[in-house]
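The next part holds the structures, each set out as structure tokens.
Both complexes shown next keep chain A, but they swap its partner, so chain B is in the first and chain C is in the second.
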Partner chain A sequence: MRPLTEAETRAVFEKLGRYIGENIQLLVERPDGTYCFRLHRDRVYYVSEKLLKGAASIPRGSLVALGTCFGKFTKTQKFRLNVTALDFLAPYAKYKVWVKPGSEQSFLYGNHVLKSGLGRITENTAQYQGVVVYSMADVPLGFGVAAKSTQDCRKVDPMAIVVFHQADVGEYVRSEDTLT
Partner chain B sequence: MAAAVRVEELLAAAAPGEREAPRSVAVEKELELEFDLGNLLALDPNPPPAAGLRGAGPRREAALRALARDNAQLLVAQLWALPAERAGGAAGPLVASLPEPSCRLPREKPPPKPRPPTRWEQFARLKGIRRRKRTSLVWDEQAKEWRRRWGYRRAGGDPARSWLLEVPAGADPEEDQFAKKRQEKRERVARNEFNRLRNLARAHRASTAIPAPPLHPTGHQSRQELGLAARVARVSTASLGRFQPRLPKEPVELPPRGRCSKKRRFEPVLGDLAAERGRQLELLKAMNSKKPALDITRAVNKQLREEDAEAAAAKGKKQKQRGKRGRRQQQRPARGGRKSGARRQQRPAGGNITGGKRKKA
Partner chain C sequence: MGRKLDPLREKRGPGRKARKQRGAEVELARFLPHGKSKYSRGGAAGAGGDDCEEPVQQIVLYKTSVLFFIPRGGLSEDDSEEEEEEEEEEEEEDEETSTHKTGQKEEEGKDLQLNLDIDEEFKLPTNDLLVGYHSLMIFLPNEPLDLHIIHQRIKGNMEVLQDFRVKREEGRTRQEYLALLRRDMAAYYSYSDFLLKKLMDIFPLPELINFLEANEVPRPVTIRTNTLKTRRRDLAQALINRGVNLDPLGKWSKTGLVIYDSSVPIGATPEYLAGHYMLQGASSLLPVMALAPQENERILDMCCAPGGKTSYIAQLMKNTGMILANDSNAERLRSVVGNLHRLGVTNAVVSNCDGRQFPKVLGGFDRVLLDAPCSGTGVISKDPAVKTNKDEKDILRCAHLQKELLLSAIDSVNAASETGGYVVYCTCSITVEENEWVVDYALKKRNVRLVATGLDFGKEGFTRFKDRRFHPSLKHTRRFYPHTHNMDGFFIAKFKKFSNAVPKAQKAASPSAGPETVVEPQPKKKKLEDTQIAQEQKKNKPALKKRRSLQGQRRPLKAVPRSFQKPHAQVLARKKHKVKQNGQ
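And now, the complex of A and B:
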């Protein structure tokens, strides 16, 4: 476990910024206490100070996880967000997509969101913008990347992909052993 | 009378010296000399007279001169023994023809280096392409004579000089085939010249490539080379020169990058969290400042959306004025009267949110 280097911090913030924009500041500077990012086994954890102090006493080999796992660094030092970061992405997300109840299940099985399943989408969403996916009852389901801008969404045919799937809460069941 | 006496006196005085001076044409040698008359060379195998040559001074000089003279005499005697003839008639100079030289002299300059192979030669060698020997002359049936395979007056006539050219199928009939041929030839020549120059340049580069300077002491080492050797020697210890004492005026040098770089250090796990937060905020500020002030795509999208909204608003106003709104909904219940109503109930309060399907009014 160690703090992130500057390059790693930059990679993490760039990835987070695609979904929550300048709201990263709210994650870094929280009124309710001190929170920080820590790297442990190539995974980035978002930890409160209290939890961090407790975890510091555990040997590195024995420590499985701490705080909330935001994602992990690949072997080529790229940062990938995990679905476990959804709890912190959803409240601050700038661009959202609502999925119709009929295609919720499809998304939760790891499929892309099609135009036919698109309930609503935030205005002004640009193409390839990171979006958080909600059910129509405003339950965050996952996140992905907008395949089409809002303008284009109106014109495409119903079977066209609108949001590329990146992570969904179904992963808690599907890949339970790799999510930490 | 007095002058004559004086001449005689002089002659008398000179006589004993002259009698000593003329040396014999016959030279006695214990061992015969070896001659190579083609090179005008005589080799004297006799040991030199040790007494005369020892020590410096006029005596040694004289002894060497006498020895050289004797040997030259023997060589000239050999030359006289060669068959000779008068060059230009009876009054011309006597010319002797020298035999073939028997001693091979070493050449003055080193032999020329082989020309570095061209790119084609390298490729041919790699692929095992061998040059096929072809005769340069071929039989020309029309001219009934042997002619060159290539070049001026080649066999079969020069195609570049033909007076008639076939227009190839599918070619533009207006195109000048002669001009095209000339142009192609010019291009080929230019390309060959370019390749030739490129080969020359490559050969030049290869011959002038600077190898790594030798570290071991050679005759002439420049200041830089000596410095490099000293630096390498300094770090060539078991501890990579860490405990090597420094010379009084030796400059302190930073270790070269790459080889022994700084060990990676990370911040402590439980260090100054406030400072860490400050660094992250700084980084965020720097990252945000790099964003362009105007995102063209976003601006265009916004403009389009506003136009759409205006158009929709205008349309809705017209419909309200006409008061046909209720009737229209009655006419088209399939357009989603029930569905849209349900959705409207579900929709949470939010300003910048639009439906997946566009709703008018």
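And now, the complex of A and C:
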């Protein structure tokens, strides 16, 4: 477990910025204590300072996880967000997509969101903008990337992909082993 | 179904044996407590109350003959209904039904006689040769018939045992009856003889049957609302909209829900994936409620997989403070990490250490939950393999591990903690070796006392068991059984640690310990060391463990960062300890 290097921090923040924009500020400076990012076994964990101190004395070999896992660095030093970060993306998300109850299930099985399943979408969403996907009952289901801008969404045919799937909460069941 | 079996039936015909058995079947319907049990089903479906005695008997009568051909468990609800319909035409023996009309008492007496006959028939060989069950097989042509007869014999045997002086056969000892009963039960419910012996020691006979029957039925599916993300009412509404039939769990739980049936898989709804609830047995809510974690505490969950209890602790602490979730099995920790993230728990650190190393790794916790690995005799309905694959060694091995774990759990608690200083020990086993013994052992070895668990139901733990006498405060522990509480068999004990000092001799000296079971004289410090060495020679391992924990006890006091500990309180505690030692 160690703090992120300069390059790693940039990679993480760049990725987070795609979903929550300048709200990253709120993530780092919280009123209820200091929170920081730590790297452990290529995973990035978002931890409160207090928890960090408690975990400091646990041998590195036997420490499995702490706080919330945000994602992991690939072997090529790219940062991938995990679905476990959803709890912190959802409240701060700038661009949102709501899916209809009928296609909720499809999204939770790892499929892209089609135009036919699109319930609502934030105005002015640009193409390739990171979006958080919600059910119509405002339960966050996952996140992805807008395949079309809001304007284009109106025109495309029902079977066209609107949001590329990146992560969904179905992974908690589908791929529990590789989650963290 | 009954008709199809007719040709077969002609072979045997309703002979003398069948007539004898019939009475037992009727008894059985009354005897088994649950309407659910497979043998009383016909009775439950057919009749509303006592006044409908006759139809019930007829059904049962019919089933008697059918049962010969149906392997155990093959009788479904539909079958019994079918039989019921065919019942009317079935009047085979008029004389038989007429006897039913005679008084109840007389009938009982007759049943008893008949059963005794059966007893006698089978007892002689079993007593003489210890070949046991096999000798019985010679008498009987095929397996299904076998089971049926065994079942009646169990019942008849129970009848006698409950009023032994009057109903017993002359010249027969209780032991003989019990031995036969045990063998029959082992055959009928397919338990190992060893486990059944253990169970017979724990339960009185009628309760034992209830317990064995309850183990054949699965416990209801229960879920716990994750109050970090939602409220129970909202969750219930959302699930009802998905076609789930549910109810609140009980008055004692504000977060539990019972699922009766569901049109969707309850472990894969969007609500589940979003972390709004956790699938969790009712019994595993109890230890956390007993632990009663407070906000901003440091808590250790020693054996946490799969994370149900851990997340409940986090939920009660509202994600403040720190939880150290430990498990020795790295594979099972994957599910812990998954569950904690899904449920939005942010105050947990997950580690993969052996629980016995614990005060060394990290100590000074406010509360510790030890859900010890056990033989699982309380959860037979979940894992029927336990019925046969456990023996004395397994249980003692578990008990030994549990003692070690409990001592290190106690050592990891900081007695000087302002809010805490509690240890909760629980197992999903009901054997005394793994529960009361272990607790009693810890009471002798450490400066802890038992306190009330704060659970207003459950049965009190044993203070005496066979030839063993435990500390009287063991009445504060709680036992839960499948047949009485309709949850998995469980044991919960809550300790309060009143001093960080470890030595044995101190226990009797401290006033709060009260009249102790520790009979050992208070040795001086030198003597204590001697005894320790003696112990070390006798049992090398535990003594070493104790040494290590002794060292481990002191270490965390220095090692743990200041922010987590109240240095003054500890210095005080240490001083006290010194004074006491000097005083001796």
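The rule is simple: the second predicted complex is superposed on the first by the 180 of 180 C-alpha atoms of A that agree within 3 Å, B and C clash if a C-alpha of one lies under 4 Å from a C-alpha of the other, contacts with A are read in each partner's own complex, and residues count from 1 in each chain.
The criterion applied here is as follows: contacts are C-beta pairs under 8 Å (C-beta built on N, C-alpha and C of every residue); 3 or more make two chains touch, one makes a residue touch a chain.
Small disclaimer: the values here were computed from a predicted structure and weren't measured.
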Original post:
After the chain A overlay, clash or fit between chain B and chain C?
Top reply: fit
Original post:
Counting only touches as set out at the top, which of chain B and chain C does A:E104 meet: first, second, both, neither?
Top reply: second
Original post:
Now for A:K78: first (chain B), second (chain C), both, or neither, which partner does it touch?
Top reply: neither
**OP:** Pick one for A:L118: touches chain B only (first), chain C only (second), both, or neither.
**Re:** first
Subject >> Which superposed partner A:T34 touches (first chain B, second chain C, both, neither) >> reply: first
Original post:
In the overlay of the two complexes, what angle sits at the CA centre of chain A between those of chain B and chain C, given in steps of 10 degrees?
Top reply: 130
**OP:** Identify the partner contact of A:G67: answer first if only chain B is touched, second if only chain C is, both if each is, neither if none is.
**Re:** second
**OP:** Answer with first, second, both or neither: which of chain B and chain C does A:K53 touch in the superposed model?
**Re:** both
Original post:
When the two structures are overlaid on chain A, which partner does A:R10 contact: first (chain B), second (chain C), both, or neither?
Top reply: first
**OP:** Scan A:A137 for contacts with chain B and chain C and give back first, second, both or neither.
**Re:** both
**OP:** State whether A:S149 touches chain B only (first), chain C only (second), both chains, or neither.
**Re:** first
Original post:
Least CA distance chain B-chain C after superposition, rounded to whole Å?
Top reply: 12
Original post:
Looking at chain A, which of its residues have contacts with both chain B and chain C?
Top reply: 53, 56, 137
**OP:** Using the touch definition up top, name the residues of chain A that touch chain B in the complex.
**Re:** 1-3, 5-6, 9-10, 13-14, 17, 22, 24-25, 28-29, 34, 36-38, 49, 52-53, 56, 98, 100, 118-124, 126-127, 136-138, 149-151, 153-154
**OP:** Could you pull out which chain B residues touch chain A in their complex?
**Re:** 266-271, 273-274, 276-277, 279-281, 283-284, 287-288, 295, 297-298, 301-302, 304-305, 343, 346-348, 352-356, 358
Original post:
Within the complex, which stretch of chain C touches chain A?
Top reply: 238, 267-268, 270-271, 273-276, 298, 322, 324, 330, 333-338, 340-342, 344, 346-353, 361-362, 559-561, 563-564
Subject >> Complex contact set, residues of chain A against chain C >> reply: 48, 50-51, 53-59, 62-69, 84, 87, 104-105, 108, 135, 137, 139-141, 169-170, 172-173, 176-177, 179-180
